[in-house]
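Before anything else, here is the set of structures, which you'll find just below.
Okay, so chain A shows up in both of these, paired with chain B first and chain C after.
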Partner chain A sequence: MKEKVIGNRASRLDAVSKVTGKAKYTDDFFEREMLVGKVLRSPHAHALIKHIDVSKAKSLEGVEAVITHEDLPKIKFATAGHPWSLDPNHRDVADRLILTDKARYVGDSIAAVVATDHLTAEKAIKLIEVEYEVLPHVLDAEEAIKPDAPTIHDEKKDNIISSFGQAFGDIEQDFQQADYIMEGVYETSIVQHCHLENHTAYAYKDTDGRIVIVTSTQIPHIVRRVVSQALGLSWGKVRVIKPYIGGGFGNKQDVVIEPLTAAMTLSVNGKPVRYQLSREECFIGTRTRHAIKFYMKTALSKDNRLKAIHIKAFSNNGAYASHGHSIIMSASSKFRPLYHFNSVKVEPKTVYTNLPTAGAMRAYGVPQICFALESHLDDICKKLKLNPIEFRKRNLISLGHVDPLSKIKVRSFGIPECIQKGKELIKWDEKKKSYENQTGEKRRGLGMACFSYFSGTHPVGLELAGARIVMNQDGSIQLQVGATEIGQGSDTAFAQMAAEVLGISMDMVRVISTQDTDIAPFDTGAYASRQTYVSGAAVKKAALEVKDKVLKIASRKTGLKVEDLDIVDKQIVEKDLGTPLCSLEEIAMLSYYDRIHAEPIKSDTSENIRTNAVAYGVTFAEVLVDMVTGKIEVLEIYNVHDSGTIINPSLAEGQVHGGVSMALGYALSEKLMFDEKTGRPLNHNLLDYKLQTILDTPKIGVGFVETYEPTGSFGQKSIGENPAISPAPAIRNAVLDATGVQFNKLPMNPQAVFEKFKDEGLL
Partner chain B sequence: MFSINHILEPKTLKEAILYYDENPKLKVIAGGTDVLIHLHHGKLEDVELLSLRKINHLDEVKLQEDGTIVIGAMTTFSTLFRDKIINQYISILAEASVSMGGPQIRNIATIGGNICNGAVSADSAPSLFTLNAILRLESKKGVRMIPIQDFYEGPGKVKLLQGEILTHILITEDNYHEMKGKYIKFSNRKAMDIAMLSVAVTGQVEDEVFKDLRIALGVSAPVPVRCSKAEDYAVGKECSEETIKKIGELALSNARPRNSWRGSKPYRQHLINVLTQRAIKEIVFKGGGKDDEKN
Partner chain C sequence: MMKKINLNVNDKHYAIEVDIKESLLDVLRDRLHLTGVKQGCSVGECGACTVLIDGTPYNSCIYLAMWADGKKITTIEGIEKDGQLSKVQQAFVDEGAIQCGYCTPGLVMTTTALVESGKKYSDEEIKREISGHFCRCTGYQKIFNAVKKSLDE
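Up next, the complex of A and B:
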């Protein structure tokens, strides 16, 4: 009997080492006499730096170096965790210096100190004297593009990073012929990833004079490239090591602290320097999720079909480009393979402001557009008195749909079943009836929202993945991948894939979890929910190659053809009869010690994936709204996903629990706030930034509709980011159902609800 | 890394008081959950700490023969919310205690530190205000007993004289006998949060009449406050829906809530009114009042 490993609830490979505290993270590694790096941050939102005097700081005992932009190469570089593009027109905006020569937000890195310990470094920071010429600042994206707004980067006088949009169909004609035209404005706030482990790294020069950086990153190979570019070094001069990491959610899909960490070690002649951000620094000095304002306009026909959608979007990018316009481009591509439109036009503007830089965060622009679109659809239903579920079902695309712009084809389509399942889980019809005509102080409501998402970045980005396998004498293997485990469980999923192909048990697969750019296969890292789909294909390829080598030796040994052989439960078997011929171990031993044919079995492969698979899902939520205090409580929430084959249900559920929990905060409480007058952050700590606690989190219900995606190596599609997409609009729509009030801005925290209830005359 | 020069850890109160008298620059540290945050934010630097953690018997709750409940200043919130005496006689303080931070914070944070830190959001304050708690302060000069209402001076400021240590909190029997209490902490999160606003109500209802009613508010003025106007109005009145509504409105007259990004002034005013009403309805219900007024 061939035992299936794919689909099993295999335990995480790193479970024991993590829960026992043995797993080593960046801060668990030490070098002798490690120095400490610290940064002086700008107190002004926008200011010219006239002069920096570091003499007092330098003369403090224990200070080894103080650096400013004047000590560093004048090279502007881009930080986004994207594969390098050979086409210069397709590259990220290079607008950063390692230490800036102009302050563009409160928190901008002005100077750095390297000292023997934290307290000395902090003292030295206070001794640096900077003369600023304060400039007017702008925080709002729509304000920043007005003609009289201050210019933040000279290279973009109008503060617009890009306004490249997407369109198909004859939108004007569709609006002319529309029976109804609906409009709405929707807005999301700036939030932050709040991964448990703050950004941290250390660097030193090795005996060959190369820079070694150990860092908490999702993208070691990209870090190597960007550090080299920022310092003007040949790429081979930099080595990046990524140990276990305590979460990233996109904030470490960006090269944030590594170039400066490298510069710090160079400033002290290669002595080891550790540079760790505090939580407060992490909130402002890394990346945030873009606040985006959407102006939606939709054309419909009398039979309640969507005809056209015109979206204008203003994406607040903060002070530096980072992922920049890619975010809104992702948003405007990924929502499309869900509802049928004759014509679509998205006109986005990604805008510089004097705020912390926005970058990648779980689902890359899609939580924002999903909030706008799915809220808008419920507003349409409210106005036209339609059933929101039936309305959505009526407008869904169907299997085989090809997007007119990206050419991505829908080859598996489980959203209708997802909707059905979610509806049953929450007992929609039954509850809907009993919640009619509520009048009390506390009211209940139901809402739902759908989403579509991609598996990787094709056709926009390169989707290259590498995997390597070495078989040991006992038939067990080492699997080495370039893709990074960042807590999502990818190592375990890869192990299951290799075990499945090779007919071995999970305990025979050892995944080398650390990526070291000197030795790890090339892969651009953990992002875009690409790993199971893209890197999984490389793992399968590597495993198939090993299997083929095993069977060739077995064929030589048994005289049977390779095609007639298989590996089942660590045995070589005759395929049709299932009879065991010899153990896998015997074959492995031959590969090592056969006096004539010995050649240890290994594979080293890459896959360049040039397909994409559309994953789907839906959230159903039930809320209880306190009409007096404005508090919203989520009573029940279900996420049902079509992510193709579920490789490991426990891991997939873990992704859903985490994603929904993030989205609950996005919907109800999280918002990074700034003082309008000064641009200073107000709540950049975990007390005042209202990340939800476990007590605020309802039981999160999870469902899967398993389709088979033909382009997936095992039928799989993405699941990592997906769960964070649709809960916010589902909750918002449930509040609409409970109260009749349209909340078009996130988060719906008690203060915001109070103000809205006042406006609506409910209080 | 914290900027701490050294720490003294006396084993007796007497020793602590002597140290403190000799060096008034010492910073008292109890659980450290406020002190360490100040150090982390750079508000304190190069400190010399005087720790009270090794002193025996300052972390106990006792019921004296005269019915006075005596709470040691070093009693942690975990101890308080589980304590039999507290739960039996002044459950409102147990409610307040369990609303504090999370388990780790409650295990180390002390009631004395909460009071002496002087925060307007201190979760122990409103309840202690309604219980007319007395603070016992001791220095080399001797012992002072002062009502908690007179202790708070302004945001983060309390009336500790030089060399003084808070040793106990006392609640006399007449302040809890036959009384019911309710504490409502209004915050964004259910744990690990500070109050955006808080209301404590302690009172006695007899024959559906308010025999006694005390209302205290947190985060509604520069210091925690009692709502004397509302209290005076209530006593002797029937606990009807209208009376309670009027009490809610009157509660505002002792409040001076701030407008801040943590919560707007109009919102805080609204909450004072509605949460006061809710808290009163709770005790009316607990006290055997009208069932239908519970929600």
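Up next, the complex of A and C:
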């Protein structure tokens, strides 16, 4: 009987290593006489640097180097973790210098010190004298595009990074013929990833003259390319090693500290230098999630069908482009294969401001647009007195839907079942009835929100993945992938895939978890929830190639045809009868030691995936709102997902728990705040920035509707980012249900709720 | 200023000279290379650097090394005995409570202290006891289950 490995609740391969403290992260490696790098950050939100005097800092004992932009190549480079594009028109905005020649936000990197220890480095930082000419600054995206706003980058005088939009259908006609036109404005705030391990890296020059960088990154192969570009080096001159990493959530899908770490080691003749950010630096000096303001306008017919949607969006990108306009482009593509519209028009503007740079964060623009759209739909239902579930169901697209712009086809479609399951889990109908006409100080409400999401970036980005397998003498294998394990469990999922194809047990698969660009297969990294779908296809291909080689040797040995053979439970069997013929180990031994045919079994493959699979899901939430204090308590929350085949339910649940938890913070407590007058951050630490603790987190219910996605190598679709998308609008809609108040701005923390209640005359 | 101190770390004795400004975290990581002790914030906010000092969980980042003179320190490296995972470690593995793993050592230390206290804890008390640990991956669901399992008879 063939054992199924796909769908098992296999333990993480790295669980023991992590629970014993033996797993090594970037900071856990030591080099002899490792130096320490530190950065002088701008105290001004916007200022010209007139002069930098580093002489005092340089003369401090223990300081080995002080560098400024004047010591570095004048090459502007782009940092986003996207595959390189051969088409110059399809590249990210190159607006960075390793150390800046103009301060564009409070925290901008002005100069760097390399010293023997932290204290000396810190002392030296204080001795650097910078003469600034302070300029007016702008923090708000809509303000930044006014004609009199200060210009942040000379290359974009109007501060607009891009206003490229998307549209299909005859939107004017649809609005002219509409029976109802609904409008709403929705706004999200700046939040931060807060992975427990801050950005950290160290670098040295090898004896062959190449720069070696060990770094906490999601994208080692991209780091190699960007460091090379920033320093004007040939790409092969840089080697990047990624050990275990303490979370990323998109913040390490960006080349944030590695070019400077490389520059630091070059400034001291290649001696090893460690550059680690403090938590406070990590909050402002890495990336944030874009705050986006949406103006939504929707046309409906009187039979309550959505006809057209016109969205204007202002995306606050902060001081540098990073992922820039891709975020709002992702948002405007990924919401489409959910509800049917005759016409859609998205007019976005991605704008520079004097704030920390926004970049990729779990679900890449989609939590923002989902908050706007799903809140807007509930506002429409409230106005037209419609049942929000029935209204959504009535407007869903159907299986086989092809997006007119991306041409992505919906080949598996479990959202109707997800809605049904979520509704039953929360006992919607029953509770809904009992919560009518509440007037007390504490009111309960129910809300829900749906989402659609992609699996990878096709057709916008290249989706290339690599996998390599070597079979040992005992039939066990080493599996090497270019895709990175960042805590989500991809290594374990890949091991399950390889074990499934090869008919071996999980303990016979060793996944090489470290990516070293010298030896790891090429893969663009961990982002866009691409790994099980895209990199999983490469793993399957590599395993099938190995299987074929095993069976060829078995065929030679047994005289049976390859197509009549299979590997089941480490045995070569005759497929139809299931009779064991010999062990896999015997075949592996032949591959190493047969005097005539010996050729060890291995594969080295790449997959260029040119499809995408639309994943779906829904959140149902029940809240208790304190009408006096403004405190919102989430009593129950369920996320139900259609992510195709679930490779490992335990890991998938873990993704849902973490995503929902992150979204609870997004909805209720998290907001990175800045002083309007100075642009200074106000709460860039884990005490004042309100992350969810275990005491704040309710029990998170998880459901899966397992469809089979024909383009997935095992029927799978994305799951990693998806759970972070729909909880915020579901909670918002539950609060609307409880109180009748429309909260159109995140987060709904007690202060914001209290103030809104006052504005509405409820207090 | 330097000061000589005696530490018992994971049942091993160390006589070392430390700077009076040095944190216990830095001494454990940089001097003794006990890198299972993680650094997440350096100011006592995240719990990743938790170690046991005479059996009580502390954030080692805000505990000066010289205060530990003569005390018994247990880090994650001292939990596994004879190559066997402790009950707490096994519960974290079995419950799937680990993702990126960066908060895991600290949580295992606090849970170990709860188990060794011999006390009974209600669900709410468990949450309160471990609320000093941030985890950004798991939403605390499976961590809670692992702690509960660790405390089961």
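Note that the second predicted complex is superposed on the first by the 763 of 763 C-alpha atoms of A that agree within 3 Å, B and C clash if a C-alpha of one lies under 4 Å from a C-alpha of the other, contacts with A are read in each partner's own complex, and residues count from 1 in each chain.
Please note the rule applied: contacts are C-beta pairs under 8 Å (C-beta built on N, C-alpha and C of every residue); 3 or more make two chains touch, one makes a residue touch a chain.
Owing to the predicted nature of the structure, the values given are computational and were not obtained by experimental measurement.
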| item | value |
| --- | --- |
| First (chain B), second (chain C), both or neither touched by A:Asp548 | neither |
| Contact breadth on chain A, by residue count: chain C or chain B | C |
| Touching partner for A:Thr629 - first (chain B), second (chain C), both, neither | first |
| Which superposed partner A:Thr693 touches (first chain B, second chain C, both, neither) | both |
| Chain B versus chain C as contact partner of A:Ser661, first or second or both or neither | second |
| Touching partner for A:Met673 - first (chain B), second (chain C), both, neither | first |
| Touched partner set for A:Asp14, first chain B, second chain C, both or neither | second |
| Partner chain in contact with A:Asp518 - chain B first, chain C second, else both or neither | neither |
| Which superposed partner A:Asp507 touches (first chain B, second chain C, both, neither) | neither |
| Chain B versus chain C as contact partner of A:Glu599, first or second or both or neither | neither |
| Touching both chain B and chain C, residues of chain A | 119, 686-687, 692-695 |
| Complex interface listing, chain A residues touching chain C | 9, 11-12, 14-25, 27-28, 30, 119, 193-198, 244-247, 249, 278-279, 486-489, 650-651, 653-654, 657-662, 685-687, 691-695, 697, 699-700 |
| Chain A partner contacts - residues on chain B that touch it in the complex | 1, 3, 42, 102, 186, 188-194, 196, 261-264, 266-267, 270-271, 274-275, 295 |
| Of chain A, residues touching chain B in the complex | 117-119, 122, 441-442, 628-630, 669, 673, 675, 682-683, 686-688, 690, 692-696, 749-751, 754-755, 758, 763 |
| List of chain C residues in touch with chain A within their complex | 21, 29, 33-43, 45-46, 48, 75-77, 79-80, 85, 89, 92-94, 96, 98-105, 108, 127-128, 130-131, 133-144 |
